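What follows is a pair of complexes built around chain A, which joins chain B in one and chain C in the other.
The block that comes next holds the complex of A and B.
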C-alpha cells in the first residue's frame, strides 16, 4: 500500500477525472471560442473566416460598450456600497453579546435562496401597480413617489443592484465575521487598556487583520460582477431597450437569438481576457503586503 | 495489495465516473444495435394488442424514439395530456416501440438546445420546431426528415389548412399541430358598460381608447419586457401601412425601414404609446402579466395571439368568462397593406430527425397517423382551444370565444406570417429594441427606423 502511494501514477489516476472534466468543460470551450471569434458563423451553416473583424466591430459596438459600462457600474456599486456595508454589519454582529447566531443566520438566509427566485421575487416587489415598494411609497408620499423601477432605464440597473446586494452580502458577512471573530481577544483587551476608542479599534486593528479576507471578497466581487448573468437575465433581460445589458446577456443574445455565434464568441473572449487581467492585477496587489501583530 | 491492482482499480473507478455521464449515449447505441439486429418490417396493427407479453413476442422489434416537447407549463397541461395519450396509444398498438418523452422550456429549446443539437447533428428523433426561418436553416444543413412520402402514403397531405411554413422546394419537413392568429381580445362587459362599439378603423380605435382612459381604465394591457410581445401589435399596424410583401423587399434593399410608409407605421405605434394607452411600467413586466391585467378588469383590450384563448376561457377569467370577444385589428386609412388581413400562421409543429433508420421512420409514420387526424385535432380544439391545423368537418361543442376567433380568421381577406419569420434574426432583435425605445419614449419613430435600417443593411451585406 505504501509503495502504491509513493508511485506518482496513483496520484495522477486520482486527478484524471477532474482533469478530463476541466479540459472538456473549460479548456476546450475557451479554445474553440477563441477560434470561433475569428469567424462569421450562424452556428449551423459553413463558417466564414473574417480575421479580426469581429473584434474590430466590438470596439465600435455601442451596445457592447454600454454593457461593459454596466458591468463596471455593477462592480463599482458592489465595491463601494456592498463591501463597506458587509464590513459594517459584520462588526455589528461581532459586537452583539446575545443572539449572535440568530443574526448570523438571518443575514445568511438570502444566500440560500437561488438567484432565479430572488430575481423573480424582486420583480414582484418592484411591480409598478401592485409592487410592495411602490405601495409603501404611495402611502408615504402619494402617487408621484411611485417609480417604474424596472422599466425606467435610469432606475432599472440600480434596482437590479439592490436585489443583487440583498442576496450576496450575506455570504460575505459570514466570511468577514469569521475573520473578525478569529482575531485573538488579547489584542482587543490590550488595546482597551491602552485607551483605544472604538473607531480606532475598528480602523487600526480589525480592518488590517481581516485584510486577507477583504481581498478574497474583492476578488470574488470583481470576477463575479464582470461575469454576472442570471439576475439581469431574469429581472430585465437586458431591457428596457438594452439599458441594463451586461456583457454576458449581450453575448447570449448575439450568439443565440441573433444567430451570430462568431461575434458572440468574440464577446465571450473579450470578457475572458478582461476578467483575467482584472483578477491578475488584484492578486498581484494582494501579495504585496500582509499585516501581523 | 499490489501496486498495479491499486492503480487499475482507481483508473477503473475514475473511468466509470466519466463514462457514467455518457449513459444516455450508450442507450442510443444499444437502441441502434437492437434496431439493426432485426430483419423483417415491424408488424402492423393487428387490431388486438398483446398486452404484457412484450418479452415473449419475438416478432416485435425494439424501436425507441426520443420525443422533445415544450408542454411543461401549467397552462399546457392539457396539450401534454393529449400528446401522452397519442404516445401511449401508439406504443400499445406497436409492441416493442418505445417513446422517450422529454419536456423542456419553449425558449430554451428554440433558441439554445435545439439549435446547438442541430449544429452538432444530434437532434432528438421527434421535436417541436418552428416553420420559417428556423426550419430553413435546419433543412439547409440536411438535418430534417422529408415527410412528403409519409403524408402522401397516409393520405393526409391535403387535410392540412396550410403547410406553407414547413414546405421548402415542394417538400414537407414538418407538420403543424395547431395554428394561431393575432388580434385584439376585448372585455365585452366593459365595452357595453361604456357604450363602445368594436372599432373598424384606427380613428375609431383611438376614440374608444380615449373614452376608456377617461374612465380610468387602461385601454391596452401590455407587458413589454420581451421584444416579441411588442412586435405583435406593431407588426399588424405596419402591415396595414406597407403590406406584408414590403417586408420581403427589405431583404433585397427594394424597400427601406426609413421609407415614408414604414415610418408612418412606427409613428402610429408611437401615437398609442404617447397617448398612454398601454399599461404603465410595461417595460418591466413579463408576458403573463398582460393577460392577468386584462382578466383582472384593469385593461379593456389586449393584443395577442389566439393561444391565449385557452387562458381567457379558463377559470382564471372568473366572471369575465364568456364576456370576452375577439376582433381583427382595425383598418388604417391610406395604408397600402391589406386592411382586413390577419397575422395567422401554422408554424409550430413537429419535425423529425434525418438520422432515423428505416424502422424508426416506420414508427414515426404510426405516430403521425395517430397524432394528425381529425379526432385528435378536434380534441385539441375542444380541450386546449388551439386552432386546428387540419380541416375539420364537425365543429360542434366549440367554445364561443374560440368560434369567434375562427370566424375572424375565416373572414380575413388574407393571412400572413409574422415579420420575424421574414427578416434576419439580428434585425428582428433590433426591432424588439427599437419598439422598447418607443415605449420608453426615449427615441422618435424616425430615429428608430434609421437604426433598424442600419441593422438591416448590415444583415443584408452578410449573405
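The block that comes next holds the complex of A and C.
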C-alpha cells in the first residue's frame, strides 16, 4: 500500500512550486539583506564593501538608539498595561454566566478592522478641535484638559500606544478566555469546596494553569512590538521630532528616503537578530518551567 | 455547588447573604459593559460624525446629527475611490488566498502523508524558519527583487508576495491537521485504486475542509488588512488596495472630518458584516495560528 504514497513525481509536483516561491520571495531577500548590510550603496552606483561599519554606525546613531528605546517603550507598555488588562477582562468574561458570547464578540470587533483604518480612526479621535477624546476631556476638566495628542512630542507615543491597545487587546482576551474556559471544571469546583475565595482562585489556580497561553501572549507581544510599523507610520510617521520613531519606520526612511540601502538593510538585520535572540531566550525560559494539570 | 454548601457547616443566614453577594453578577456585568462601551463607542461616534457637517462636528459634538445627510458618503465614495480600492483589495486578497491554500495544501499533504520521511522533515523545518523572520526586515531587498522581476506596480507582485508570506503558517496548521487524519481513510482510497494525487483530491481535501476554512480566513484577513507592502510595491493610484488608499485619503483630507469619517465607515462596514455572519470561524481562524504556535 505504500506504493501509492511513494510517487516521486507527485511529491515533487506538490512541493516544488511552494519551495520556488518561498526561496524567491523569502529566503533570497533574507540572504541579500545580510549581504547588503556590509555594503555602502545608494541603489544606483557601484556597491562599496565596508565590512561591519554599518553595524558600528548603529551603536552611535542617536536616532537608531531612540527608535530602539521607543520599541522597548512599546513593549513595556504592552506587557505592563495591556496584558494585565487582558487577563482581568478574560477572567471577568469567564465568570459571567450570561452574555459570555456577546462580550467575546464585542471585544473582538477592533481586531478585524485593518491597522490602517484604526490609525485613521484614532487620528480623527485625537484631533484637537473636534476629536472625541478632547471633547470628553473638556467635558470633565474644562478647556485646559484638551491636548495636542499627536503633535506633542511628549504625548505622541502614548497616543499611539492607546490606539494600539484598543485594537489588539481583544485578540489576546479571546486567546486567554479560551485557555481559562479550557481548565477542567472540577478544579474550580474542588477549590470552592475547599473554601478558596475568588481572589486566591484567580491568582493561585487560574493564573498558573493558563501559563502556556500567557507565554504565547508574551512571545507575540515581544516580537510584535519589536517589529511594529503600520500604526506608527500612518499616525505620526515617527514624528514629531522623531519622538515616535521605531526601528522599522527608521529603516524604511533610511532605505527609501535617504537611499542608503546598505545601512537600511543593516537596521533590518539588527531588528531580525534582536527578535530572534529575545524570543529564543523566552522559549528557553518557558521550557524549563512547564506546568501540568 | 449550592447543594454542597447547604450541606456544609455554615449557618443558613450567613450562607444566604454571602451566596447572594457571590452570586450577584451585577458588578461584573457593569464593569464588562464599561469596557465594551469604551471599545465600541469610538465607532459609534464616528458613525454619528459621518452624517454631520464639519461645523456640526466641532460645535455640536454630542448632539445627534441634525439630519441624516449622505453628502459625506457621496463625497467620500467619489473622491476617495473607495469602490475601486475595495475591488482591488478583494481581487488581490482572494487570488493570494487561493494560491496560498492550493500550494500549502499540496505541500502539507506531501510532507505529512507521503513516504519520504527524512526529506519531508528537513523541508518542513526549512519552511517553518519563515515563521521567525519579520517581513519588516526584508523590505529593501524585496523591493529590488520585485523591480528586477518587472513586477513593480502590479497586482501580481502583491499576490505573489502575500501568498509567500502566508505559506509557513498555513503549511504549519494544515500539516498538523493532515497528520491527524486516520490512515484507514487512505487505505480505503488506495483499495479503490487511487494514486497519491487522487488521494489528495478525493480523500484528504474533503476531510480537511474545516482546517482549510480556518487558514483561508486567517490569510484573508491578513491580506485584506495588509498595508506596508502594498504601499511599497504599488504606486499607481488606480491599483491601490483599500488600506493604502485610505491612508492616502487621510493625508489629503486630514481636516475634513466629515468625509474622513464617512470613508472610514464605508471601509469598515463590509468587514463588520462579514464578521457578524462568520464570527466563530473568524475568531477561530485568527487565533488558530498563535495557540498552536
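Keep in mind that, in the parts below, the second predicted complex is superposed on the first by the 278 of 293 C-alpha atoms of A that agree within 3 Å, B and C clash if a C-alpha of one lies under 4 Å from a C-alpha of the other, contacts with A are read in each partner's own complex, and residues count from 1 in each chain.
The definition used in the following text is that a contact is a pair of C-beta atoms (placed from the backbone, for glycine too) under 8 Å apart; a residue touches a chain by one contact, two chains touch by 3 or more.
Fair warning: this is a prediction, and the values are worked out from it, not measured in the lab.
By the touch criterion defined above, A:241 reaches chain B but does not reach chain C. In the overlay built on the shared chain, the residue A:39 is in contact with neither chain B nor chain C. By the document's definition of touching, of the two partners only chain B reaches A:259; chain C does not.
By the document's definition of touching, both partners, chain B and chain C, reach A:4. In the superposition on chain A, A:112 makes contact with chain C only, not with chain B. Contacts of A:87 after superposition: neither chain B nor chain C is touched. Between chain B and chain C, it is C that contacts the larger number of residues in chain A. Residue contacts after overlaying the shared chain place A:77 against neither chain B nor chain C. By the touch criterion defined above, A:170 reaches chain C but does not reach chain B. Legend: residue contacts after superposition of the two complexes on their common chain; A:64 is shown touching neither chain B nor chain C. The residues of chain A shared by its contacts with chain B and with chain C are 1, 4, 7, 10, 13-14, 17, 21, 43, 123, 127, 129, 256. For chain A in complex with chain B, the touching residues are 1, 3-4, 7, 9-10, 13-14, 16-17, 20-21, 40, 42-45, 123, 126-129, 148-153, 156, 236-237, 239-242, 253-254, 256-260. On chain C, the positions that touch chain A within their shared complex are 1, 4, 22, 25, 28-29, 31-32, 35-36, 39-43, 45-46, 49, 57-58, 61-62, 103-104, 106-107, 109-111, 113-116, 123, 127, 130, 132-134, 136-145, 160-161, 163-165, 167-168, 171, 186-187, 190, 194-197, 199-200, 221, 224-225, 227-228, 232, 242-244, 246-247, 250, 254, 257, 260-261, 264, 267-268, 271-272, 275, 279, 282-283, 286-287, 290-291, 293. Touching chain C in their complex are the following residues of chain A: 1-2, 4-7, 10-11, 13-15, 17-19, 21-22, 24-26, 28-30, 32-33, 36, 43, 89, 92-93, 95-99, 103-117, 119-125, 127, 129-130, 132, 135, 166, 170-171, 174-175, 178, 189, 192-193, 198, 213, 216, 220, 223, 226-227, 229-230, 233-234, 248, 251-252, 255-256, 261, 264-265, 268-269, 271-272, 275-276, 279. Those residues of chain B that touch chain A in the complex are listed here as 1, 3, 6-7, 10-11, 14, 17-18, 111-112, 115-116, 118-119, 137-138, 140-141, 224-226, 279-286, 298, 425-426, 428-429, 433-434, 436-437, 439-440, 442, 462.
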